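Structures are listed in the sections that come next.
Both complexes shown next keep chain A, but they swap its partner, so chain B is in the first and chain C is in the second.
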Partner chain A sequence: MADILQLLLAGLATGAIYALVAIGFTLLWQTSQTINFAQGEFVMLPAFFVLIGMSYFGMSFWPAVAVGAVVSVVVLGFLFKRLIVDPVIRHGVLPLVIATIGLAIFFKEAVREFYGADAQPFPPVVAAIDVTVFGVALAVQSLVVLAISIVAVAALQLFLNHTLTGRCMQASAQNPTVARLLGIPVERMILYTFLINAALVTLASILITPIYLAKFTNGEWLGLYAFIAAIVGGFNQVRGALVGGLLLGVIDNFAAAYLSSQYRMAIPLLILIVVILVRPQGLLGRVEERTV
Partner chain B sequence: MGRLQLGLTLSALMLLAGGASAADVKLVYVGEISGSIAVSGGNFRDGIILAVEEINARGGILKEKIALSQLDTQTNPGVARSQMQKAIDGDPYVVLGPIFSGNVKATMQMLQQAEIPHLIGGEAGELTALGDRYLFRTSFGQQIGMPKIANYIRDELKAKTVALIWVNNDFGKGGRDNLIKQLAERNIKLVADVSTESGQVDFAADVVKLKAANADAVFIYSNEEECARIMREARKQGLKGPFVGDTTLLSQKTIELAGDAANGVQGHVGLTADAPIPAVTEFTAKFQKRFNYKPDHNGIKGYTAVYAVKYVTEKKLGKFDRKAFAAAMHGLTIAPADEPAILIETTWDDVGEIDRISFLAEVVGGQQKITKVLPKLGK
Partner chain C sequence: MRPARRPLMGIALALVFAFLLAAPFGFKPYGIFILSMWAVMTIAAIGLNLTLGYAGQVSLAQAAFVGIGAYITAYLTTRGWPFWSTYLLAGVSCFAIGWLLGYPALRVQHHYLAFVTLAFNTLIYLIFRNEEWLTGGIYGISNVPRPDVAGWSMNGPRQFYYFCLAHLALVSLATWWLIRSPWGRAFVALRENPVRALSLGVDTRRYTLMAFALGAGLGGISGALYAPLVQFVDPTPFALGLSLNLLLMVVVGGSGYFFGPFLGAMVAVLLPEWLRFTEGFYLMGYALLVMALMVLCPAGLLGLLDRWTKPAGKSAEISATRSEAAVQGEGAR
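For the complex of A and B:
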């Protein structure tokens, strides 16, 4: 029983990170038809901005996090949209996909070249202590990761559904032409989406890097898992990304513990195949049809 | 073509030919500068660089400066083969590396066919059993280290059951197979056998399996980063030790990455920058001054490898002869009295296996502390 609780909590904590990253996928797709295959590297980078602030500029942890967050939002939100997405999207979705794959390689190699190939320790957000729940020692770190992720998603949902800006963003995503006719500044709404995505990946980075260490290759597996989570949950639903992420985290952990740790990488891919075959819109996604 | 154009063309060609002059002796490091073994490969490379700088400052080997080039295998056997071919095409005197045993296996036959001596960092047991007369280790093979640690588990820890977690690559598989054999010979039961992947980041499920085994001791055999992550997860989940390993678990990088989670781990180390030997202490200080970080055992391996090349070439051969170099290395012992930069008396046997004193150690307060010195196996 203790092991099951342990695995469940660890799976939910990891899944919450996948969810944060997957939500970025879905938001970008809904508002701007952008599939960002550099999303994993977007999670990898903010941790290095923080480390640069600490090691090169001598800042303590929290000021470095604040500065790193601002830099991340500017680089991964504003500059990404203006310099990559805007010029390329007018040529279609596929060129943009390829551009983001190239961007992922660029970020990865830039970190390797200019910071180092070694893994780096990263200060934890909370102390590495345990609490006992139902007689089971659970890591406070995992509980905090889960709690912060849920709060972030809830806050995002509140923002999207209960604020004027959020509803304008949803309108822009659903039908940009009509939204323009109604006077909604669609381009600004799309920019906000990119900025929100950058903030989400920064949050994911700060939460996950203390556990997994800062390394230039972190984005590879994280991006893949988050993409699978977004598809499994529903690529056009924020709630779907949340469910997909949590489900993937839990299934991955239980499968590794009770089925086979050697084939654990195959389990998410199998789930992906099954969902695409049985319910291609994802568990909570809407069926979309497009005219050709 | 006008004279000016001809001159410019010739100058450009000379620049493109690289900095090596005709009289330089070429050494090539083909190793893991990136990828999952970058920690080890980077240390090994920096040890080589330090040795090359020192030797060149004193005039080189037989009055020829060492021209060192570096090629990155990216911890990928396919890339390692193409990089090794590039190295061989450059006609080096000796090749240093790789460190990743999988890359060594993928490339050793190429070097054997080219008759180029190679001093490797790989520790998988089978590497010296494949008949390569040009291969020489820079650290113990697993078949040397595992009996020592198995004795420690039996005699000091008095453990009757062991739970093993290992990385699923040539290094990890070799260590696992060796350890299982040693434990069986000492009537110690293996109650969990958990394999993990190289580069794995999430060990929650694996630690749950180790907990369920309820063993007297937990043996961790993986690369430095994974060892650190395993220890963090183990402490997070309250897995009870003692935690035992061989070299990588107690390495400087593992301690740095694991933080407090590394305290209390014990094990065997073939080479360590914390060895209670003045020459090693001096090397560690020099390395730290040059590269701004403390070396692990791979730094010592790279450093001593270059000095072994220097010693054999100058003192045994008096010339640059690759075949003669390989022949001279078999059965060779280099003592610090003969070559101080070898740091510890080192012997190579007929198959390229290495023999030195080694150490039992424990991590205390974030530092590796030597608890016992173990003698060489042979004379």
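For the complex of A and C:
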């Protein structure tokens, strides 16, 4: 029983991080039809910005995090939109997929070339200690990660549903033409989603890197897990991505512990294939209207 | 192809062909190996170009088929099977698996299809890595023999290079014929407008599956050549990375252009070797090239060439981009 609780908590904690990444992914899709194949690298990179701040500029952890977050939001939000998405999206979705694959290679190689190929330790947000609750030792780190993620998602939901800007963003996502007619600055709303995505991946990066170390290849599997979480939950729903992420984290942890660590990755992939074939709109998603 | 460009095109082709035939005499064995690898990867990219470039179906699973072909060949030839039987088996099994992988494409399209094929590729990779009794796990299968052709041993690097080149020539001719046949036309119809194709009586279901199966079959053939070329098969080369790489080859060269995969494979396989002194910077440069191409001309390098050599406004695609740019310029003003 203690094992199961510990596994569940660890699964929920990593799942919450997947959910953050997946939510950013679905936001980009909803507002601008951007499929970001570099989303995993987007999570890998901010940790290196922080490490660069600490090792080259001698900053302590929190200032480095602050600077890293600003740099990430500018590079992964603003510059990504201006330099890649805006000029490519008019050619269609597939060229943008290819361009983001190129971007993923670029980030990966740049980190390897300029920072190194070895896995780097990354300071945790809180110390790695356990608390005992009803005789079960629970990792404080997992609890904190889960709490921070939930607060972040709740804040995002509040922003999207209960502020004027948030509702304008939703309107822009649902029907850009009508939104434009109503006087909503759609372009600006789309830019906001890119900035929000950059902030989400930065948060995910700072939460997940202490667990898995900072390595230039981290993006490969992180991106895959984010895709799976987004699709399983429902590609066009923030709620869906949250459920998908948590579900994925828990299933992944239990599969590794009880089924086979070698085939741990296979279970999320099988779930992905089944969901796409049986319920392509995802567990919580709406069916998207398709135009011919 | 427009008649005015034919002679130029012919001369260029003849030059390239002469170079490919003469190349082994000017290169060291490693250089010949890289050229053979180019031929093998081009075959896989031609297969993907059929699926993606002509039929418009996104596939991120081509590396899995190269892997399946390579493992079938390695496993059976090291157990004494003759090469040709394993070669056929590799092609036919990949064709069959590709046909099955096509079924999801009947239900979902675009990015969903990309994710299904991506998941398939990773699953196959896990099988290669974990089923040690079959694939040798991470240690792989070594000492894959090279075949004899009519009593001639293909063991030397030069002989095997010509062997690969001959296969590339055959595959090219077959593809050239295929895309000019009613099948090729049906593939293009499928890409351009599936609903319209269906209403014109094209059996889109069958052609979608066929596009996947043919692409996969060529992937298998490429794998069947890969195994005796490298003489060692392990899981790492067939991970998702190669699928993405093959996709980039097709798109960088020019997806939907016959010569696109040849050029794309050249950029992805040959250039890194010649630019080896640049080390990691080469891949960064390649990534920048890919992004710049997607911004300027998603039709790839051959599309760019088309744009330069053709008088302005001839191609529908160019005029479409132009008018779009004009509209956006208007908006900015």
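Simple rule for what comes next: the second predicted complex is superposed on the first by the 292 of 292 C-alpha atoms of A that agree within 3 Å, B and C clash if a C-alpha of one lies under 4 Å from a C-alpha of the other, contacts with A are read in each partner's own complex, and residues count from 1 in each chain.
Note that a contact is a pair of C-beta atoms (placed from the backbone, for glycine too) under 8 Å apart; a residue touches a chain by one contact, two chains touch by 3 or more.
Note that the structure is predicted; figures quoted are calculated from it, not measured.
Participant: Record, for the superposition on chain A, whether partners chain B and chain C clash or fit.
Facilitator: Result for chain B and chain C: fit.
Participant: Touch test for A:Ile17: chain B only (first), chain C only (second), both, or neither?
Facilitator: Neither partner.
Participant: Quick check for you: in the superposed arrangement, does A:Leu207 touch first (chain B), second (chain C), both or neither?
Facilitator: The answer is neither, since A:Leu207 touches no partner chain.
Participant: Considering only the touch criterion stated at the top, classify A:Met265 as touching first (chain B), second (chain C), both, or neither.
Facilitator: both
Participant: Looking at A:Lys215 after the superposition, I want to know if it touches chain B, chain C, both of them or none. Which is it: first, second, both, neither?
Facilitator: Touch status of A:Lys215: first partner only.
Participant: Pick one for A:Asp3: touches chain B only (first), chain C only (second), both, or neither.
Facilitator: Only chain B; A:Asp3 stays clear of chain C.
Participant: Check whether A:Val111 is in contact with chain B, with chain C, with both or with neither, and answer first, second, both or neither.
Facilitator: Neither: A:Val111 stays clear of chain B and chain C.
Participant: So in the superposed three-chain picture, is A:Ile276 touching just chain B, just chain C, both, or none of them (first/second/both/neither)?
Facilitator: After superposing on A, A:Ile276 lies in contact with chain C but is clear of chain B.
Participant: For A:Asn253, decide between first (touching chain B), second (touching chain C), both and neither.
Facilitator: The first partner, chain B, only.
Participant: Looking at A:Val85 after the superposition, I want to know if it touches chain B, chain C, both of them or none. Which is it: first, second, both, neither?
Facilitator: neither
Participant: Quick check: superposed on A, how many Å separate the nearest Cα atoms of chain B and chain C?
Facilitator: So the smallest C-alpha to C-alpha spacing between these two chains is 5 Å.
Participant: Identify the overlap between the chain B-contacting and the chain C-contacting residues of chain A.
Facilitator: Residues 112, 262, 265 of chain A touch both chain B and chain C.
Participant: Can you list the residues on chain C that touch chain A in the complex?
Facilitator: 58, 104, 107-108, 110-112, 114-116, 118-120, 122-123, 126, 129-130, 193, 195, 240, 244, 247-248, 251, 279-281, 283-284, 286-291, 294-295, 298, 321, 324, 328
Participant: So in the complex, which bits of chain A are touching chain B?
Facilitator: Chain A residues touching chain B: 3, 6-7, 10-11, 14, 112, 116-121, 128, 130, 137, 139, 141-142, 211-213, 215, 217-218, 221, 252-257, 261-262, 264-265.
Participant: Where on chain A is chain C touching in the complex?
Facilitator: Counting only chain A, the residues touching chain C are 35, 84, 87-88, 90-99, 101-103, 105-106, 109-110, 112-113, 220, 224, 227-228, 231, 262-263, 265-266, 269-270, 272-273, 276-277, 280, 292.
Participant: Using the touch rule from the top, collect the residues of chain B that touch chain A in their complex.
Facilitator: 33-36, 38-39, 42, 168, 194-197, 199, 201-202, 204-206, 208-209, 211-212, 225, 228-229, 232, 235-238, 253, 256-257, 259-261
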